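Both of the next two complexes hold chain A, though its partner changes from chain B to chain C.
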Partner chain A sequence: MGYKNKVAVVGAGLTRFVRRALETPRELAFAAASAALEDAGLTIDDIQCVVFASASDPFDGVHMKGEYVADGAGGWGKPYMRTCLGGGSGVMSLITAWYHVASGRFDTCLVVAEEKMSPAMPHPQGAFNAIYDQFIERPLGVNLLWIFSLEMNRYMQAHGIPMETFARVAQKNKRNGMDHPSAQASIAGDFTLQQILNSEVMAWPVLRLMVSPISDGAGALVVTSESFARRLSRPPVWVEGVGWNMDSSYWTNRDLAYPAYVEKAARMAYEMAGLTDPRRDIHVAEPHDPFAYKELHHLEGLLLADRGQVPRLLEQGFWDRDTTTGIPSSPSGGLLGVGNPLAASGVMKIAEIFWQLQGRAGARQVRREVRRGVAQGWGDLMQVATVAVLGK
Partner chain B sequence: MLRPEQKQDLPVLRQVQGEIPISHRYTLGVAGERFFKAMRDQRQLLASPCPKCRDLLLPPKAYCPRCFVATAEAWSPLTGPGFVRGFTVVHRDLDELPLAAPEIVALIGWPEVRGGLVHRLQEVEPQQVALGMAVEPVWATQRTGCLADILHFRPAANH
Partner chain C sequence: MEQKIRGGTSLTDHALTAGEALLTHWQVKSDYRWDAGAALSRFLEGLKHGQILGIHCPQCRRTLVPPRVFCERCFRPLEQWVPLYDTGKLITYSVSYVNWDATRRRTPEIPAVIELDGASPGIGILHLLGEAGGSLSEITARLGAGTPVQAVWKPAAEREGAITDIRYFRPVGG
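Up next is the complex of A and B:
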């Protein structure tokens, strides 16, 4: 396919994820953007355009959030746009930056994703309530967790998966998160399966410790053309493939047991990257894991395991960070172990693949050799998948 | 074919009442905490200096949006009056209802800063307001660290 530029990621930065930040959304964006520029060894003067991502205006409580945050994201006096696919926004922001640069129009693009969920009172759920149909569903007092509990139960029933399996996912990610400097306090930790299984029921079968928290935070990436990246001291990480796809936004019209739209997005990205066997060619994965079952759901959609087989591989340690024969999944700790400021958590996942491929993930560095990884975002009205394949 | 616009008979149409059930609690932020604290405790307006372009930013920010660097630690209180850089006379409220009396709203700048403040201008008749007019804040006696700590601006004494 005729892209003008090969596209690279050359820097990444994150704020700490916290339950309630003192910083304004602009100040969070500035902190992450500055960290990413510093990581790349660049300044704002090197940046030709800016892509901003954020999920929901009612969280921060600012209408037209993208415009409000712009100057904190480095967008002042530059070509600037916001990309929004809810929880899928973070990975979509890299995809948006990819076409800014792949088109040949820009050599450099700063990507900033920010979400401040804590202003929403009494609970960000109130905003989610309004994603449902005003006449058919809202009269029931619908709660966001309804979607996930119905979906998780369908997945459990379809493959006969026990609750312990999901507790194991939460345990893995929360342990991984203990090594992430951005991890939200009390989210990461060494939990026993019993602790997780005994945590309170939110909407059965979704339990408290199988859900990502409410978070404030920001993340940023520096994306450049090949010629620009070659001038920098560190070896770049290439955006080898991008894909995105949307299912029906009406939940009764989706196959809840299998996220077919994730598979479509993954196939689009793999085809662009020239991958024929993702289980051989993908060496580390960051699937979107706002809920424990979602990581398993998404690993299937990403074609990294056969349908219904992810739990068996989990038992074998195939997805563990220190695996030598499997594919480490969510070595960052994911949303369950680091936190979930929606759009920013997608950028956190891309940053993790970026640092893993550069061998800079520190205590989180996976044991096996990695040349290529996949980051996946999900969300919107729980029907969107965004996928990026990065390689070195 | 476009349908002609019709007057909808509201009592006949079935409608459902609704809202997005959410309200907000905003933190002032790193810069905002300091700005409003100085208003409350010292009756001072602070501006933050950019270490690179040397501009003084008002309202103060934790970073310079142009240079994209953190602003310096030492903030400067504004001295002297502000000057009216623009104004309007508002006759209707948010719901388009008439105000009891028209209100003057002014964009106020200070010679040494980049930026400014928008606030109400009182103790002056609309026809007396002019661009460049020197104005000063009128502070509330009970201050809580918010914009309302300045009741309004008025023409500066001795100008």
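Up next is the complex of A and C:
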């Protein structure tokens, strides 16, 4: 397809992820944005347009939060837009930047994703109640966890997956997160399977240590055209494919055992990247893992394993960071091991692929050779998938 | 070169409660009145009369509930209303020990996705289960995908055209 520009990621920056940040959303955005600019060796004067992402306004109690944060995100005096797809926002912000630059209209774009969940009282979870249908679901006294626990149980029952499998995912990601400089205190750690399985039942089968925390944080990326990227000192990482897809909001009518919309988004991205065999061509993956089961669900949707076969591969260490024959999954630690400031966590996943491909992931660097990776976001009423394939 | 991490200063609970962090508080009262719309008005009216209504798409041949005035797949208007049974089977369920504000519940709620008899396979609605046991082990031993359930209605005089006109679904048989 005739895109005007090939698009590169040339810089990334994150804040630490914390349960309650001292900084305001603007201040978090500024910290991440300036870190990413510094990483790219650029200043705000080099930036021609800005894409901002935040999943939700109700956490902050600020209407049209994109405008509120704009100054901290580097938006002053520039073409600026917000992209908003719930938990899928972070990866979508890179996709949005991609079409700003791929169109040929801009050579540089700053991507900033920020989420501050902690202000909502008495608990941020309440802000999610409004995702449910107001006529026939909310009167039942919903809470956010239901939709996930119902989906997880469906997935478990469809394939006969034991709870230990989900505990293994949480264990892997929480261990990986110990090496991430942004990891939220007490989220990462070396937990035994028994500790995870014995953690408090939230909404069975979801246990406390199988769910990502409430988090504040921000992440940023610098995205440029090929010609601009070639002038920079460090080899760029290319945006080789992007895909996104939406399932029905009649969520009780969906096949909860398989995220078909993730597959559609993945196929779109793989086709654009020219990948015919993702299990051969993808070398590292950052699937969206707000819940332990979602990592497995999404690895299937990303076509990196056959349906129902992800648990077996998990047992074999196929998804481990130090695998030499498998595909390391969530080497960052993911949302379970680093934290989940919704939109920012998607950018954290892209930053991880970026750092892995540049060989800069430090203690988290995967052992196998990596030339291409995939990051995936998921959100809304658990119906949207956003996928980006990055390569070097 | 190292990864660029900057900012994200953690506030402790102590700082928040002991006055070390300066806080501003704001409370908003949101109030909404929604029209139930063409499809759900009829659905809710049906519940008032003890009837669960679905709608059929002649093109994809799915019988859908909750009903809607369009098929999102075929993208055509729907008008073929179909009464469904108040019996069905579980697609999935959960045993929830948390409230919306993250406080703990002593007795769990059991939300479920239920495929009503008369609806197409995999077409479910969200509702609650009752009479399914008290403890987690009792409940999980009793319930599974495919468990048959039946609606327990409020008495006719108490129904008001709301999803809560069905008090809950209870497992039957087995």
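Just so we're on the same page, the second predicted complex is superposed on the first by the 392 of 392 C-alpha atoms of A that agree within 3 Å, B and C clash if a C-alpha of one lies under 4 Å from a C-alpha of the other, contacts with A are read in each partner's own complex, and residues count from 1 in each chain.
In this text, a residue touches a chain if its C-beta (ideal position, glycine included) is under 8 Å from a C-beta of that chain, and two chains touch if they have at least 3 such contacts.
Source: prediction; values computed, not measured.
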Original post:
Put the two structures on top of each other at chain A: do chain B and chain C fit, or clash?
Top reply: fit
Original post:
Touching A:S34, do we find chain B (first), chain C (second), both, or neither?
Top reply: both
Original post:
In the superposed arrangement, which partner chain does A:D71 touch: chain B (first), chain C (second), both, or neither?
Top reply: first
Subject >> Contacts of A:R20 with chain B and chain C, given as first, second, both or neither >> reply: both
**OP:** Examine A:S199 and indicate which partner it touches, taking first as chain B and second as chain C; both and neither are also allowed.
**Re:** neither
**OP:** Check whether A:I136 is in contact with chain B, with chain C, with both or with neither, and answer first, second, both or neither.
**Re:** second
**OP:** Tell me which of chain B and chain C touches more residues of chain A.
**Re:** C
Subject >> First (chain B), second (chain C), both or neither touched by A:G61 >> reply: both
Original post:
With the two structures laid over each other on chain A, which partner does A:G126 touch: chain B (first), chain C (second), both, or neither?
Top reply: both
Subject >> First, second, both or neither for A:Q309, with chain B first and chain C second >> reply: neither
Subject >> Nearest Cα pair across chain B and chain C, whole Å >> reply: 5
Original post:
In the superposed view, which residues of chain A touch chain B and also chain C?
Top reply: 20-23, 27, 30, 34, 61, 122, 126, 129, 134-135, 139
**OP:** Under the touch definition given earlier, write down the residues of chain B that touch chain A in their complex.
**Re:** 16, 18, 20-33, 61-63, 65-68, 70
Original post:
Along chain C, where are the residues that touch chain A in the complex?
Top reply: 1-12, 16, 21, 26, 28, 32, 34, 36-37, 40, 43-44, 64, 66, 68, 72, 91-102, 108-109, 111-113, 122-128, 136, 140, 144-145, 162-164
Original post:
Considering the complex alone, what residue numbers of chain A touch chain C?
Top reply: 11-23, 27-28, 30-32, 34-36, 38-39, 61, 122-123, 125-126, 129, 133-137, 139-146, 149-151, 153-154, 157-158, 181-182, 185, 200-206, 216-218, 234, 248, 250, 252-256, 351, 355, 360-362
Original post:
Given the complex with chain B, which residues does chain A contribute to the contact?
Top reply: 20-24, 26-27, 30, 33-34, 37, 43-44, 58, 61, 71-72, 74, 76-77, 118-122, 124, 126-127, 129-130, 134-135, 138-139
